[in-house]
């Protein structure tokens, strides 16, 4: 039984990493959003499974939040926004997909290399989970760094944060997990609203199209 | 008793140099004239000149300051004190310890300081030329002189002239390269300092070539007399320096009796005459050089002096 | 029960600080200026007396430690003979400057920017000398720099002053950091910052060498050693003249004190090559400084450059002392040290005097440019006389004081063949030659100064209508001149006065001079060398007097005033006089052509062209061009390059964060 | 009385918390400003009472030597800043840059921030500390954007995004610490309690701890403003209201620093884990040198001093990274002095910007002529920040440099290099501000100089005399930090 539960958790966590790679791979916004929804679903599954095996009911809430908020609300909202703001659909990436993927693989390798030093008396599951969580986090950051337009950067941030949730839930009996996931959802909501409010079309870097070139910090 | 003798010697020395200085000039001129196949003025002509100048009225430029009028006496005083402390016929000078060789050079330098200032006091361009050239020459001549002093002092373990002179008579001096270098250098410095050909021509009145004459251009009457005497004295100082440092033979030791002093005096006069002849011969043989070749000339002197010193420094280690 | 010197000094310092606070309060009043200056004059005199007592009295040094500064170290103050000597120098200069300023201060346009800082500056310099632990020392040191910076910036509206102040404060804090590192090395990792502890601990040879180097950089930059001198000729003239006098005459000596204190006192036994480390920059400063001065036409900058030269002289003395000390020639080392300290006194006297004179001239003629002065000996006779004395003295001519100290230096050089090391054997005579050159050049330089500024005919309207300055200034100048003469004719007494200071750090001292017959000085032995300023002075006076009287008896008294003869040229306008530039021309051609890349460009108009012919001379400061300009450009370039980072996009910033993270993780991955 | 003392910790938190609500509803800026001052003052009193007596560490709160220093410092600066802001904000209202509504919001946020910071400093739980710091951060984000100009929004947005990433890092680090504690301490709150962690850390898994520290260091380092995580800092300082700039430099950076220090002590107790020292030293040096060079090209006066804050944070982190009693002492001293000085400078700069009507460096000159008090206050402040005696920072820099040079000469050289470069830039600008031909408006200032002078007086005093109480306090802390 324990072996089985472990394998499932392992599988879910691993697939989360896989989905992160898929995110990394996308070059069209809609597809990106869909894949992100998938990402959230997988996350909620794995959180739910954690809740099940550690019979920690409060984690179900986290799973629910993940499912409802991240898998449905946010993608839809972003979808709308893309239409509303007339953001053009394909993602301009820094550098082509190939190197980016390689970099991603490198990051996963790095996170494994870092995490597998952990002496195994910390329980195995936690350790594996951490390795995957770390790689998800790094991949999310990689997406933020290599994508030029706001929406995909938000998606990157959210996937990063999924990694966090994964880690948090992996930590047995960690207090405040739910609160934290809620807090993060709020944070993301802020970001999304911000994008909408400030009508950030292409990039994070400027608040308004007119201001695009005018202000960069110290150009008085 | 000894004190009285020393005082006598010191006093004799002081007045001897003043008395002798114009004569030296006269002899020099005579030799030169002879070498140029002229009869030339008599050798006591300089005394007559001085006398005449003294009795003439003195013309002072309108905007001359007190410095201009005080300068001649200061110049003369500086030179005279220097001359009084250089052993001429005897080393036993009462006050020779009150200023060593460095101080004597410095005394001459302070005389020059006032001379140069006097040259600038009226505010004429010629005075300026003279002063600026004079100080330029001095800036090269003085280090050379100091280097010479170094090499002598390193040999004699002293900068006291009388001590050095006694050391030079004494047998342990031997034949040294540094000394040869030093004497050559000293002669060059002497020529430069006294404004003789090839550095400057004391007889010239072509303004652009003159240095010393340009500075004293505005002087007349008694002031000029004092200055002339001072410059004659300066020449004598250098000759006696060379004499007592490099040909000290016959100079009376500090404990000599009156015979010794007579001998010394005779020897001294002989040396001076000899030196002035050499100078005259040199001056007739050579042509005056452009002002801006003077640095090379003096630079050579400086290098010789430095070389001599370095040799001594190094040989001391062997 | 008489109060102990340290206590008195501290009280005096406190009073001075009080004055600067008072000046803040009442500075706006007209009466404030004389009030403050008279007060600080009095206090300086008191401190001077106190220091002299401590120097001569030779009581064991009293240590005071207050619960200030570094908490677990505390602030230590101590007046040993060395400190007492320098306190005397500082306060003598301070008293003179205050007295001078009582009159000169009236010309001050913005007293509120000078009055509060002047006593603070004096206090700072006193504190540096009093300090007995590294923290207090550096605190006072930097306080002194700041106060003088404020004084330099007193007339801040002139751009060149602002520039000067900037360079100055930059170099000052550079120096402070060097000293800080030196003290850090001396104090060791557990931070024993008290000088006593440093004295006890002897660092290893290499470390000690490093400390020496750092101290030379740190204190040398304050003293103006080439090549760290660049700020000095900018900052010293920029300040009001009495402050310039303090900075040039006194503050540089405080830097000398720092070197002596650390190198001779704290650092333990020297190695022979330290001498080289000190001698080379010292000789360079001596010659370069006076050459700069010869090429300069701004009166106060000439003086500042000549300070560099004299500092060179002092450091040569220190270098020789180190070399001798390393080889165990105590007598010689003591002689060199005494020469250095003697020159410290002389230079502070002379330089203060000259700066006072230049201040008087500047406020009388409204310019510092010698080319616009001239003929002042007629308009300001007394000032002229004082300045003449100063020029004569600083040209190291007998019978004035600077000659005596330089004579001692030469005597020390003459002892150096005994040194076993070849490096020194070859170096020292060369140094001697350079010093001789420097002396000769100095004479030329000050003939130029006095001849152009005071003699000849007035070169400008203002100069023609100049007025003699006030009594206080004259009193200060004449007093200093008198002191110079005394120090010149009675060098023996001064040497004896200096001896305790020398003894305090060298453990030995020169033979007492007071007993020598006729008051002459005999550094080593009667037979070797001796000099008697008094006799020389008397002789000169006598023979000049005799001649003059003789002439006046024998000669005709007839004197006629007439236009200048000038080889029959009609009396042209004053502009045909020899200018400072033309006076320096021969020397410039000889020395500066290579050393300063001096070049002359003549532009001769074609016949019929009405444009005047021009002779233009441009002189490069190679030290600046090769050392400082590149640094400035480097900083500019780097900051331009980095400045891009201010204008990145958020994505780029994120990638920076990302890179940082990945790097650290990678480090973790490889670590162990 | 004893009752009051007994739970003064609660007061330190309760007063700001209560003030938030009150200020949110009260109309009229004069009243709310006064109330703001009052609340800050009471908080300060409560914080000061911690010196007298503080409760033993329980599951929620921990009061020890380390954080008392921080709490009292931040409450003090918070109080003086509130005084300054009372005199500053009125002018903003007149010039119409702020509306009364926004002012209400501003004051509420001010107390919110104070609450967050005090909470972060006092809690005994790394999770709660994280939450508190984020709370404070978000409050400041909102205040930075309060002028709603493009620049302000831009700065706020930049701050927001970078901060959120930092938040994420910090959280991940926190989780990792919990995970490493899990096998030893067991599940639940205990695994996040300082006291427990400190007690048992030696047995934790070193590798996990190391990873945790990397994330925590970067996460909280973002708030400290270490290069290259600093990007938000200059703009946030430059575009927000000046009181906020003062508080950011004076407090928020310190709070983040406090978190890092806590975790450093944690790391130091575990032998096998990676040594935090080299990490901090490196980042510190990078920040110092980088910021020093950045100072030269600044055109905006507030941004200039923001970069100088980065520089000083670099020095402080460097000092703590070096460790050892001397360096730690120096670090604490430097931190205290920097908070006081930098906020004083920002107070002055705020008034200067108001009277001159510009923040452009090029247009501010000759202050000592037009506004002597501001001008000389600025001179003293900048000299202090540049490490000139007799001002506090000189002492700390003296200790850092000399102690480092005895141990690691090359590091000390680099440090001195950075300090010199920074000094050059600061003095260059200072001379521009204070001296030369005056420019711009010469309208008289109506400002309260009290906070400025209070801070500067403290700085000057500390440079000459440190009270033994403070010294012994710092010594304890220095030893604690190891």
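Labels A, B, C and D are assigned to the chains in the order they are written; within every chain, residues are numbered from 1.
The working rule: contacts are C-beta pairs under 8 Å (C-beta built on N, C-alpha and C of every residue); 3 or more make two chains touch, one makes a residue touch a chain.
Since we're looking at a predicted model, the values are computed, not measured.
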> In this assembly, which chains make contact with chain B and also with chain C?
Replying inline: none
>> Closest chain to the protein's overall Cα mean, using per-chain Cα means, please.
In response: C
> By CA centroid distance, what chain is farthest from chain A?
Replying inline: B
> How many angstrom lie between the CA centroids of chain A and chain C, rounded to a whole number?
Replying inline: 69
> When the centre of a chain is set as the mean of its C-alpha atoms, what distance in Å lies between chain B and chain D?
Replying inline: 78
> Where the centres are mean C-alpha positions, what is the separation of chain A from chain B, in Å?
Replying inline: 99
> Using mean CA coordinates as chain centres, what's the chain C-chain D distance in Å?
Replying inline: 44
> Counting only residues that touch at least 2 other chains, which ones in chain D make the list?
Replying inline: 157, 161, 165, 207, 211, 234, 297
> Can you list the residues of chain C that touch 2 or more other chains?
Replying inline: 646, 650, 654, 657, 661, 665, 668
>> Two-or-more-chain contact residues of chain A, please, as numbers and ranges.
In response: 114, 141, 144, 204, 217-218
>> If I apply the definition of touch given earlier, which pairs of chains qualify?
In response: A-C, A-D, B-C, C-D
> How about chain A: which of its residues touch chain C in the complex?
Replying inline: 94, 107, 110-111, 113-114, 138, 141-142, 144-145, 147-148, 153, 203-205, 216-219
> Which residues, counting only chain B, touch chain C once they are in their complex?
Replying inline: 54-63, 65-67, 73-74, 76-78, 80-81, 84, 95, 97-100, 102-103, 106-107, 109-110, 112-113, 116-117, 119-129, 131-133, 135-136, 138-143, 145-147, 150, 153-154, 157-160, 163, 207, 217-218, 220-222, 225-226, 291-292, 295, 302, 305-306, 309-310, 312-314, 316-317
> In the complex of these two chains, what residues of chain A are touching chain D?
Replying inline: 114-115, 117-119, 121-123, 126, 130, 133-134, 137, 141, 144, 157, 160-161, 163-164, 167-168, 170-176, 179-180, 183, 187, 190-191, 194, 198, 204, 206-208, 211, 214-215, 217-218, 220
> Within the complex, which stretch of chain C touches chain B?
Replying inline: 374-375, 377-378, 381, 384, 388, 392, 395-398, 403, 407, 410-411, 413-414, 416-418, 420, 422, 425-426, 428-430, 432-433, 436-437, 439-441, 443-444, 447-448, 450-452, 455-457, 518, 520, 526-532, 535-536, 539-541, 543-544, 547-548, 551, 554-556, 558-567, 569, 574, 576-578, 582-587, 589-590
>> Help me check something: in the complex, which residues belonging to chain C touch chain A?
In response: 646-647, 649-651, 654-655, 657-658, 661-662, 665-666, 668-669
